[in-house]
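Should a chain be cited, it is by its letter among A, B, C and D, assigned in written order, with residues numbered from 1 in that chain.
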Amino acid sequence: MERFDAVVIGGGAAGLGSAYRMAENGMNVLLIERGENVGEKSVYGGRIYSWVFEKYVKGFQDAPVERWVKKERLTFLDERESVSIEYSSDETCSFVAILTKFNRWLAEKVEDAGGLVVSGIKVEDVRLNPLRVVADGEEIGCDAVVIAEGVNPMLAMKLGIRSDWKPEEVAVGVKEVFKLSESEVNSRFDVESDEGVANLFVGYPVFTHGGGFIYTNRDTISVGMVVRVDSAMKNKIEVYDLAEKFRAHRDVAGFLKGGSMIEYSAHLVPEAGIKGVPDALHKDNVMIVGDTAGFVLNRGFTIRGVDFAFYSGVLAADSIKEAMDGGDAGLAGQIYERKVRDSAIIGELEKFRKALDVLENTRFFNDYTRMMVEIMRGIFDVKEESNRLYDVVMEKSRGRKIRMALDFLSAFRGL
Amino acid sequence: MKIAVCVKEVYNLEQVKIIKETREPILDVPKKLDDLSRNALEEAIKIREKLGGEVVAISAGSPDLKKTIKEALAMGADRAVIVTDCSNSTPESTALILSKILEKDSYDLIIMGDASSDDYSGQMASRIAEILGLPQITFVSEIKEVSEEKITCVRDMDDYLEVVEADLPCVLSVTNEINEPRIPALKDILKASKKPVETLSANDLGVEIPQPYEIIENLAPEIDRRQEVIEGDAGDVARKLAEIIRREA
Amino acid sequence: MMKALVFAEKADHFNRISSKLKEMGFEVHGLSFAEANADHLYISEPNYDYASITAAMEKISDDVGPDLVVFSSTKLGKEVSARFAQRKNLPCITECLNLEVEGSSITVSRYSLGGKTIAKLRTSLPGVIAVVADAIEPSEQSFQMNIQDFEIPVSNQIRTVSREEKKREAVGLREADVIICIGRGLRKKEDIELVKELAEKLNAEIGCTRPLSHDYKWLPEERMIGLSGEKVSPKLLISIGVSGQIQHAVGIMNSKTVIAINTDENAPMREHSDYYVVGDLYEIIPELIRNL
Amino acid sequence: MESIENRLGLVSFTVDSEPHIRPKEEKCDSCNLKVCLYVCPAKLYRLEEGKIYFNHEGCLECGTCRVACPEDLEWEYPKGGFGVHYQFG
């Protein structure tokens, strides 16, 4: 039986973070990815917060970054109109990347550091006492297993580490990628070549839990929609046409005009915040990281997943190392539990626990989005006569001022 | 028996997309070991299994070769020698580089695919055999007999099948009909990670890479058909079709 | 005047190539196994040994001093072109579909990326190319027709034990006005009878995609239409149960009208069709036979 | 609007002959919700004469049907090396 210090299951950001850190620490680590090539099963919207890579990855300056986000835009859409809030800055803390390519680059870093990455092989089972991983009819022995299998926690459920997601705890995202020239992207979004835009949308076409996004890649644009699975079920939303409806809106279509669609993709996103994180993140020396553990934070205007995924992988790696150095490799799971609970991951998820209640409130996705657009229409609609801001706001908020005040107060506190 | 197998990395062609508006291919796709290289490797491994010896995978290509060559090792090559600084290679340059590597050892057999599935140029066996002054048997669809001294093969040519024999050392190119290449299991892949890979540069070998061509364009062919869709029940459709056939035939 | 030296083991290939070269203004020299069109032609006994032909072409080339050496892109032609080019330290491009000369350089087109694209390459003369002779439309040209016998030097690098012509049905795919092309949408070999019935009604030849000839062996190899098989140009091509992968589609691109029947509404074949029928071939073909 | 079939045509797949997802026929028959018909982003579930049919060939492997299906269908990832190959994930 082949033996490794640790086996990592899954070659997404979380698994790669774990394998990279272990390889860097001189451990004998094997990463097994089910895709024919690393990165080909990973899908996300488009943006990564860079802090964790700057902190942990040597040579990060060579990463396949498409563009650094210099403009943040939040757009409220109704059927025909939109209101946008834009924040533009020279400072940046995030970048747009194609996750497939980014993960492929990370896999090279893992191999350069001495880790072994095997793709095209699906792990069938993880068995305890003694710990081993079963794949391709073979058993591979190890001291620790890191499960980074992504949002569908097939192995983690089998081992009883976590339960399955409920429809209200995950969202389905669909994404289309359009090819344009680099200069077209620059001019349409009014940015320089290395600068990018992250634009999130609320409202049309779902007007419920979810929203749209546009991210600028170097010479492509990623555009798509996310909707919570329970809302899609309840409202009978045809998810397969969601991205099409969204991009047909006049305020989205303009960015894509003349571009060729080159890929369509779909993926689930954990949306339950801290409530989606199971009570225990390990069983014996098997640990769960990334989406499998539910480490995604949605604050409405920002969504963090990849940085938490990579970071949780690093924490698992460090826990395994610490346990092995301490002479009892079997303690890694417990150490990991503690490290994560003390880390920014749980810290942030806890901090934004109330964001969940705010985002549960469909009035933000529907009533207030429409109201925002209507108020703008009210004040900018100048004919022979025009409207006072006060009158417009009073009219549009008639009969719901108190509820609104409370809702906005909760948003103010929660997000 | 010492066998060299010249293998090639190619784009995973099934994943290459064409941008509809411009007809340009998107080449940002993973690479893999070419299918015909697998046929060549399989045949070499079979000979080794029968006669003993060593199978060495040899390749010239991009830095991605460090990864793709592992597929050859997982299939069963004992070791590999690769040159990773010739991304824009041509048959001319690749033949020079591979021959330099082959000259460093004395091989009884040099096997490769009859062409690669991307360019289908089919020059490598001839060029290498010429450089090394060896006989060549191309388009081999079956090896009938092989010993330390001599090999007898069936060649599948356009209009004829031919049985030929040659003394070793000799250069062979094989067709995809010759065998069904094995698919490596996880244990083979893990074993492969420990096999030696010698990485060289064209410079190490003293080869200057010739650039005999200029690529003016590389676009998908234009398609300009009517694409009129005919629907309905079988009877309706058949009547419409009959009408079109009468008109066009 | 620029000189070209041609070798093709088939006279038909030779003539297609030489007429194209003449049209481009070359003085055409050549080696062939039978009489063919050239200004200066060497005729020898047939010989299919690469080493012998390479040596012969080297000898003639040293005498003539050609700017361009052209082979027919058959298996033998490709094998010899590369060996010859290496001996003369020249660039060589095989599988050329088209060629143009401009000053001292030549531009050729060939399939690339497994047939997904067509690449245009430019290389300077002198050079060697192997041309897909069937891709050239022959034209009427007048040649000097100086002919002399030639004895090919015998090589024994490899020894031929036996040679056997491949058994071939007389297939008129290339000349046919109507072709029915079948693909994997056909469920079993016996179903070809249904297609044959339709073919008889239309006086059509039957062709197929690679899996049917090479993997399932339902039809002989010479009926395969596509990149590595026949490239056809009928008035009407009826494609039945063919998905339309590009490797196949390049073989039918010169058809005047293409009708396709497929169950999959969005098979790649749709783009390659003038009329695209979405439906079950087992329902439609019997009806169609009744209607013809 | 680009049809879902055309969009799936842009995606590269290696299709296994065995489906990795199997709806449970008898449960589908009695299921009143049939959410699979609209939540699947690839529109791979089809209703014909009251019966649910599923085509695994264009599966994007998101898992939405698994989470949404009230009847707990059989769901696995495709075998190693099979399934969808995203390039712009």
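Here is the rule we go by: a residue touches a chain if its C-beta (ideal position, glycine included) is under 8 Å from a C-beta of that chain, and two chains touch if they have at least 3 such contacts.
Because the structure is predicted, anything quoted here is derived from the model rather than measured.
Two chain pairs are in question, A-B and B-D; the one with more C-beta pairs in contact is A-B.
Taking the mean of each chain's C-alpha atoms, the chain closest to the overall C-alpha centroid is B. Centroids built from CA atoms put subunit B at 40 Å from subunit A. Averaged C-alpha coordinates put the centre of subunit B at 36 Å from the centre of subunit D. Inter-chain spacing, taken between the CA centroids of subunit A and subunit C, is 52 Å. Mean C-alpha positions place subunit A and subunit D at a centre distance of 23 Å. The set of subunit D residues touching two or more other chains comprises 8, 10, 14, 85, 87.
Shared interface positions of subunit A, defined as residues touching 2 or more other chains, are 36-37, 40, 121, 135-136, 262-263.
Along subunit B, residues 12, 17, 26, 28 each make contact with two or more other chains. Note for the complex: subunit B touches subunit D at residues 12, 14-15, 17, 26, 28-29. In the complex of the two chains, the subunit D residues touching subunit C come out as 3, 5-6, 8-9.
Taken in their complex, subunit C has these residues touching subunit B: 48, 50-51, 74-76, 78-83, 85-87, 91-95, 107, 111-114, 116-124, 127, 157-166, 168, 177-178, 202, 214, 235-236, 238, 246, 250, 253, 256-259, 265, 270-280, 283-284, 287-288, 290-292.
The touching residues of subunit B, counted against subunit C in their complex, run 11, 13, 16, 18, 23, 25, 90-92, 95, 117-127, 129-131, 135-139, 152, 157-166, 170, 177, 210, 212-221, 223, 225-231, 234-235, 237-239, 241-242, 244-245, 248-249.
For subunit A in complex with subunit D, the touching residues are 34-37, 39-44, 98-100, 119-122, 135-136, 151-152, 154, 164-167, 170, 172, 174, 176-177, 220, 222, 229, 232-233, 236-242, 244, 248, 261-268.
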